[in-house]
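Structures follow.
Two complexes follow with subunit A in common, the first pairing it with subunit B and the second with subunit C.
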Partner chain A sequence: MTTHDITSIGLLHRQLFKAMQLEHATAPPYISALYSIHPGDNADAAQILRAVAVEEMLHLTIAANVMNAVGGTVDFTVAGFVPSYPTVLPDGEHDFEVGLGPFGKDALETYLKIERPAMAPRGQARHVQIKGGARHFISHPHDQTLRYYSIGEFYAAIRDGIVYLESEAKAKGKTIFTGDRAKQATAEYYYSGGGRLWPVFDVDSACRAIDLVIEQGEGELKQIFGAEGEIAHYYRFDQLQKGRYYQIGDQPGQPTGREIHVNWEAVWPIAVNLKLNKIPEKSELHAAVADFNKAYREFLAFLTRAFNGEPKLLLEAVPRMFEFRNRMQQLIRNPLPGGDCNAAPTYEI
Partner chain B sequence: MSVSRRLETFVAFSAEVTAFTPTEVWGTGLTQRYLDTVDGVVGTAMTDALLNAFDRITTQSAGERTAKLRQTVFGCEQLGPVARAVVKLWYIGTWYALPAAWQERFGPAAQDGTFVPTPDAYVEGLLWSAIGAHPPGAKAQGFGSWQFPPGIPKF
Partner chain C sequence: MSILDRRAIMVDPGVLKNSGHYDAIIVGSGVAGAIIANELAQAGKRVLIVEAATETDRSFKGYSSYLQHFYGQADKDNQSPFPVNRNADMPRSGQLRKLDPLEINSTSYIVQSGPYVTDTVYTRAFGGTTIHWEAKTPRMLPQDFQMQTLFGQGKDWPIRYHDLEVDYELAEREIGVSANVEDQQYLDITFRSSYVYPMHGLPLSYLDQRVAAQIDGSEVELYGERYPLRVRPFPQGRNAIPNQKYDGGKGYQPVGAVASHQIDVGGRCQGNTNCVPICPVQAKYHAGKTLAKAFDTGRVDLLSQAVASRVVIDSASGRVTGIETKLYHDPASPDHHTIMITGTLYVLAGNAIETPRLMLASGLRSSSGLMGCNLMDHAYLLNWALMPQICGTMRGTTCTGGIVELRGGAFRRHQATFSVDIHNDGWGWATGSPASDVVELVDAGNKFGADLRQAIIDRVSRQLLLAFMIEVLPSESNRVSVNPSYTDLLGNMRPVVSFTVPDYTLRGAAYARQFAKTVFARLGAEDHTKYDPSDYGFVTYEGEPFAIRGGNHLAGTHVMGTDKATSVVDTNQRCWDHDNLYLVGAGSMPTIGTANVTLTLAAMAFRSARNMIMQLGRLHAPVQT
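Here is the complex of A and B:
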């Protein structure tokens, strides 16, 4: 194996598509859990879930910006972009699945696996042999038996690939940054969304963007707080499990800040990984869930336009996303007939 | 009437008298709390009388249903004021005290008075959907949303 996993622009585009797929795939599970929490209860848990979900949206935007910068295509409407839940995401030794369901102790365990911190800073130790032949989003670009240990390492390989491919291109008097600058989503179109956003047009701006994703997500090398003093997702969730906030100076696993009280019962019991065909056809609820999925499909097409030269549309995406919140909350409070569970969007796109 | 059947009937009644759908009524998350509110004010026996009167209207024709509702529920001196208080509760999120004449004849309803049963009642008032607005101070629409035309609700 070469030191660099990503040895061609085609592979870079493929890995960036996986990055967008991955970032998007984490949002519906987090958001479903967020809106399963009774309003007014569990303010700490809700705030943590919300902060993480919003940052995943920033990460999706960053991945799309990098894709556009290196001349790739951003298209959220291609078949398979939205996974069928439950779906496989990366994990260290074991395979685990990420699904749609209510907030709870099991869900929290899954979040901690999704956001697990990177283990290896460089080289081959990033990879883990795939067991059981499951398909992974963040599999190795050209060795299908390998995958990355964590999302952070997956991004670190993309960063290395960009540096490597650009230095190769420069040696030939070329560049990999051939994208149209007008397609970049920048701070004037995207704000209050989990962090700063800047145009990506060279190695430096691309690497800084990717480093932000790594830092906000999993925290590199077991750092609780990133360079800007922001706590990484893994440790945000760890706080809920430990029942206490981290503060500056704490060691991983030993938060010493304010106590957090989690009321595990104050949650709507939404059905886990609900599918539309489990809801009686021709019922009002069936129509409402189908309608949500349709609106979400249209929204992905709308976002695709935003990343293909119409960044202004991102401003309009904001009220549309809040409308999704209202619709989700409405579905989540509806009991499914004949059971103890409630409905939820199924994200069957 | 079983506990779950009772709640379902209350939702069906609420949907019919507010002209919202059962999905929208459940969607407020307040169904059980509002049923508890009605029980708390007029007692379970009178709530049951209201739900049974509604349940006995079996015709599917919309015109006939309206006429029957008027006759047996809204036109009833005992159940009518309670039904109207339920409509107001769903729309405005406030239980309005029953009329003094009702209290004299059918009371005393010790828990009666004008009150807000829960802080969510304001946020989930059907009034907001009916006028195509969001509850000011809650269910924010996002910064800058005001530069786009408002969404007109479907009726």
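Here is the complex of A and C:
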């Protein structure tokens, strides 16, 4: 009897698919909030949101690289890959909802929960009983009643699984790294701020990739700044709540850097978790939202091709993302009929 | 890695008077000053940078405010992102007019003494003019260094291409140049074997490709020699795909935005067309990226809102003893107090107008008498036409490709060379398009609504602007001077520019016009070029009219040479007259060929920094008896 959760390559693929779902799922909420901010206002908040959203995309890419490395299939077009918002994420013992909506104080609370450093306390199980039948991205690989305590624990289990499965395979003179190297997305195709991209082809490169996701996301070791001097997502957002930047040497919760002023009012009032059926049919707005969703569906298919042997397509993905930005900004400026809210993409794929 | 600005200290002026000791005082935070500050700091030296502008642009918020200011301006000229700061003023377009004979116009920051009125600009901001530069980074040709010997024109440099070759590589690393060696090996340009640029070349725009389809493989004849033409990509100081072969296979890590607190935005170029005056994503290099590294050493301090007003000399030794500096408290008020800043070495890293202006205002004309003389700037001749088909104008960076085969050749005995830019941003520079198109289509074409929108698209996306960057040779009468009648709000003397476009250049311009007509004919493009006699840059040559634009490539005013009688600085850019004073930047260049000056001046900064480190080593070494 093993203590590992992931005991077969099939289960590893299952968990990596969930990882991709999870990383993708945080992007629409962050991006909706980012574009809800009035252009030119709240430069600090907008850039923090942007930096985090870009790194979520890096994490998605890393998860896809690991999936490809261990011979799995990357397919973002599978039904249910994109969640119906609001969706549920864990924060230690409790669940909370993550939805699409404008930037604001409540939204910031949610972001802090998404990114909160929360490894299971010592001696406590890394699993938690799933309550109320919620569907979880980070459920246990084969026990559907359990989920991981936190995203960090979820990734740690994947890491353990990779190490374990590879040692088992090695003992038989085999390897789990059977994937085609040509499918790897490498540094040529991604760079932005923090984080790098490297091909995954063995235990070391896979573990480094997963560690990067953990470190950038939650700051596993409760460090504000990671090894490369980059600040973890949780602390990026914490700065907005505290109204001040962290600098090297600061204690968690006590930033001492430059002041940040957030103008909570300079935000378009976009509808929260809008659904297409709430918009009058045959209206221009309805058509525009439906068009957005269609374009997004096509984009996911395009990315799927990129991760299936055509990484060069990732370069072409960039102008497509500008297209989304333009569409999104148009929607966000248009009021919904009969309400106080503006339209927004619904991500009903 | 995010480079934090935590160690950049706004030094308390009260402390400065007694502050330990700086190995070097650098006036100006542009690319030359930044490189020298970083090189000295990496070698363990203590440096103080004195910057006339505010330092707001070091924060992400400051950079964003420039962008917002730019977005909000109706006239999006070179300086539109930068709010007016009369304490550290700078030339701006829109303030110029044609001069009558002998007239002087002192209403603009640069006093225009004529006869030619230059609309050249530079930016007095943290990071200097690299905040607005286009970031085109060609090397000079080897033949450019020997103009007198090879062609009987201009001056020879005291150093040659191969003396600068390794420093060109350092500059290309620092700026992060994107280019492919195979595209840049033309005329006599050479690269060391196995050299690759830090990043792969950016692709030619669709417009470039439309031009190339008709031009590549054709040739022109000039003074009996044939020159084959092709559209080539330019090397660019903006992030592209890093080349894994760089540095012996170690690769290159692009530098994103650094003027941001913990937030690295930007990455690779997204093809926004507003590289000039400001890249919205900081894909374009600016000196702030080098300064961030320098500040990170903990050995570089910054004194901003500090305008150097006088270089003080010990008359016996000729050595600089300090720099008198005016500290203003608010850009909106001339209130200031004056301090003396001292160090071991002094480096003036303004630009080819501000540096000689400060020297001349300090009464330092150089033994050669050449301080401020030999002012050069590329003369731009614009030619514009409508392509027969939609060409996607307004996509891509400002300029991705051009025709460079006439940068060199035997014809240089007779006339100036030029490099031709294919502009991706339409006729804007020449006509004020697209605003001018809207006015014309509404007023003259009676267009409105969807028709107007379609008409603008049809028109703008067919616009082709060929900008000919024409060589200007040194001439002592083209110069920067000062005059106590013309001062700024702080009482510092402003630069007075006297300039005549040389005939050698105008012969090149006349040929450029013919060349443009030939190209337009081959493209089937409709020539719309027109030079208005009321234009401030209007000149005639042999009866033919031209409007010449400034190039913002100022050079020559503290020329480098082999002796103190005929030059201001030596080959390390150290003043012959003052052995602890360096004047760095394009002002040291004896000629400029047809290379945008930044890469070359950056390369020279590396050379000078090495010499400064050696000089500091000698000064600090135990005295031999």
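Assume the second predicted complex is superposed on the first by the 339 of 349 C-alpha atoms of A that agree within 3 Å, B and C clash if a C-alpha of one lies under 4 Å from a C-alpha of the other, contacts with A are read in each partner's own complex, and residues count from 1 in each chain.
The rule is simple: a residue touches a chain if its C-beta (ideal position, glycine included) is under 8 Å from a C-beta of that chain, and two chains touch if they have at least 3 such contacts.
Remember, it's a predicted structure, so these values are computed and weren't measured experimentally.
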Touching partner for A:246 - first (subunit B), second (subunit C), both, neither: second
First (subunit B), second (subunit C), both or neither touched by A:40: both
Which of subunit B and subunit C A:322 touches, first, second, both or neither: both
Touched partner set for A:338, first subunit B, second subunit C, both or neither: neither
Partner chain in contact with A:80 - subunit B first, subunit C second, else both or neither: neither
Touched partner set for A:173, first subunit B, second subunit C, both or neither: neither
Interface residues of subunit A shared between complexes with subunit B and subunit C: 40, 191-192, 318-319, 322
List of subunit B residues in touch with subunit A within their complex: 21-24, 26-29, 119-120, 123, 139-145, 147-148, 151
Touching residues (chain side subunit A, partner subunit C) in the complex: 40, 43-44, 47-48, 50-51, 187-188, 191-194, 196, 228-231, 236, 245-248, 257-258, 318-319, 322
Of subunit A, residues touching subunit B in the complex: 38-40, 191-192, 268, 284-285, 288, 315-316, 318-319, 321-323, 325-326, 329-331, 333-335
Parts of subunit C lying in touch with subunit A, wherever the complex brings them together: 1-2, 4, 6, 59-61, 64-65, 68, 71, 239, 241-242, 244, 251, 253-254, 256-257, 260-268, 270-271
